[in-house]
Amino acid sequence: MPAALYNAIQGRSNERLAALSDGIFAVAMTLLVLDIHIPSAEAIHSEAALCHALLALGPQWIAYLMSFLTLGIFWAGQQTQLNHFREGARDLTWIHLGFLFTITLMPLTTRLLAEFIEYRSALILYWLNILLPGLMLLWSWTYATHHELIKSETPPEVHGAICRRILIAQGLYAFGALLCVFSNYVSIAFIVLIQLNYAIAPRVGKRLG
Amino acid sequence: MPAALYNAIQGRSNERLAALSDGIFAVAMTLLVLDIHIPSAEAIHSEAALCHALLALGPQWIAYLMSFLTLGIFWAGQQTQLNHFREGARDLTWIHLGFLFTITLMPLTTRLLAEFIEYRSALILYWLNILLPGLMLLWSWTYATHHELIKSETPPEVHGAICRRILIAQGLYAFGALLCVFSNYVSIAFIVLIQLNYAIAPRVGKRLG
Amino acid sequence: MPAALYNAIQGRSNERLAALSDGIFAVAMTLLVLDIHIPSAEAIHSEAALCHALLALGPQWIAYLMSFLTLGIFWAGQQTQLNHFREGARDLTWIHLGFLFTITLMPLTTRLLAEFIEYRSALILYWLNILLPGLMLLWSWTYATHHELIKSETPPEVHGAICRRILIAQGLYAFGALLCVFSNYVSIAFIVLIQLNYAIAPRVGKRLG
Amino acid sequence: MPAALYNAIQGRSNERLAALSDGIFAVAMTLLVLDIHIPSAEAIHSEAALCHALLALGPQWIAYLMSFLTLGIFWAGQQTQLNHFREGARDLTWIHLGFLFTITLMPLTTRLLAEFIEYRSALILYWLNILLPGLMLLWSWTYATHHELIKSETPPEVHGAICRRILIAQGLYAFGALLCVFSNYVSIAFIVLIQLNYAIAPRVGKRLG
């Protein structure tokens, strides 16, 4: 079957998938901040007015910081998986392209949250943009496990560790999103705390250990 | 001849062509979604209005999803070819730069289709942006075959498989574009279905096989 | 001297310079086309009006095509040089960062030329943006030659070939720019022809050879 | 502990961190210049008016040149550190993501300085954007030293050289920022001179040595 042959030769290189991913994360991370609208010179007539206008951007800064953390966490998470895939695990390419699609949505949902920071629907959409890449990574890992695409030297306990990490983190994010019944700010603060925990915790643990 | 000498030493690295391509695809994929215009806070006064405004972007979402699929398919297709080129197949550099030029047009034709989703000329231009990279890849492969730039370990049946894949896919896309005589939406739905088929089919086949 | 020590350990990797360059070229190439302003849906009321509005963008398309060719030529030219540098030729890093700075100006001068396609000052500025990266590459190569940063296996005739290529090409571009005394369009047509010659000629030569 | 296991397998690849960094620097460097607003064709009616309008952008050009130099210096500085880290120095990933976050802020603070070039608060914010990445790199290096993440073949005097370089440079930048009590232009001129010194000095030293 020619189609089967074509599929057999397609997309062998984990390296190029990693390069595409790094590119997409790099563009998304840089565009986040670029989107912040600075006041125009015509509207500002004193140092105090400039400082005031920049402080008024406050909620936007929080949304952008949160999104950078989100992107960093998913970048590290995907990297962990790619490192464990056997060369030639081409079947996973499209799962990871789906994952990358959800990453390209991040600047959009961030802008939406920054513009409508007190609207619950903006927060729910943002949370969906945390949930979806998480689900894609979970799918990627379970797919790779079932189809024996993981490097043979990977210790068996790694399999469970990766799934558990995703499920626990997503559980916490979902709880954080639920807190928007009180206030979006509570919700955002909780999510940022979880993210900082994931970013900083390993290093704290190491220092103590 | 000095010019011949210069040409002999130029552009040896497939690796850098791959890196440039990954960069261009990464930027194009990320910019697609960035272009969606969210409503401004001044125009929205309730959660319901926000949800309504986002749903009204509906057709745009379809155009962006389709373009991400298109870019993913061409990224995978180009990668397949580059993997089979001998190191130093520098003659192909400019064919691939031509291919990449058509890729950089994709955010533009997508925006055009999103803005004029019911206009046939927008759809035809979009289809040309699927046809052109396909033709460039076909040119790249036939050129490489005729000038013996393919790795010697490549099995001979691969040559035909790559050409057939391009020709069949482009035939289906052309048929899909033709369906715009009925409606652009029918046309887009058909093209997205073909794309999903190419993205998902290998994996389904594998699962069954 | 600590400063001397710091400089001795700095910037050893040609690979990362290549990666940064590929990234900058990729972003610049993709942004070129993104800058074309499509008509807005409110201003267009028929298929004919849309086609007409797109055709009116004509001169812009030429400017963008020319810039893509320019970027492609400089990308290939820089790559040729980097391939011949010894690992650790770190002194060249800042010359190449200067080269990359002129590359980042390309989307700006392109936009300027597209907006003011009949203004001589726009064309002269555009030509400066072809001259400057050329001079930087010439500087890079003569610097590398004088400081023995070229790989020892490089045949001696390569040195002259690279300088000659740059000087002849820049001479032709300068002549092309001069033609703006007649008309900017003559000037642009001449420059595009030179560029197409450099892009296509090697392959034609090979076919005949 | 599963979390400890997960952290032990996460983020092993210095190579991917380098690729992400190159991507972010490439996007940031290219976006700098893109942000310069060229005059629109409607407002310009003669060559003289165009030249005049471009010259009026003067202060912006200086801000953009300075930012490109800043980005180049930090790119080279980070590269020097990454070259000396042992493979698997994953603990540093988040410190470097923090560093990259400050890099993504650079197009924003540049735009702010270009728009408000005579406002001290704009200059102070810009200086903070030089201070913060410097502090992150200092943290990265001292952290790596204390946790033995440096390659064993690194000569011991390198450790001090890197810290000294950062501290002296940041001292000079801080002094430059202080000069804004006289005028922002004095301040900017001083900072650009320091930057040019760091970019050019090694090569002058080499030539003399």
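As written, the chains take the letters A, B, C and D, and residue 1 is the first residue of each chain.
Methods note: a residue touches a chain if its C-beta (ideal position, glycine included) is under 8 Å from a C-beta of that chain, and two chains touch if they have at least 3 such contacts.
Molecules present, by chain and UniProt name: A, B, C, D = TMEM175 family protein.
All figures in this text were calculated on a predicted structure; none of them were measured in a lab.
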item	value
Repeat of the C-D interface, chosen from A-C, B-C or B-D (over half of contact pairs identical by residue number)	B-C
Selected interface, B-D versus A-B, where C-beta contact pairs are more numerous	A-B
Approximate Å spacing (C-alpha centroids) for the pair subunit A (TMEM175 family protein), subunit B (TMEM175 family protein)	25
Rounded Å distance between subunit B (TMEM175 family protein) and subunit D (TMEM175 family protein), as computed from the means of their C-alpha atoms	35
Residues of subunit C (TMEM175 family protein) engaged with two or more neighbouring chains	19, 22-23, 26-27, 31
Subunit D (TMEM175 family protein) residues within the subunit A (TMEM175 family protein) interface of the complex	2-7, 9-13, 16, 19-20, 22-24, 26-28, 31, 91, 93-94, 97, 100-101, 104-105, 107-108, 111-112, 115-116, 119-122, 125, 147
Residues of subunit A (TMEM175 family protein) that touch subunit D (TMEM175 family protein) when the two form their complex	18-19, 22-23, 25-27, 29-34, 36, 38, 40-41, 44, 47, 50-51, 54, 65, 68, 72, 75-77, 79-80, 83-84, 157-158, 160-162, 164-165, 199-203, 205-206, 209
Residues of subunit A (TMEM175 family protein) touching subunit C (TMEM175 family protein) in the complex	23, 26-27
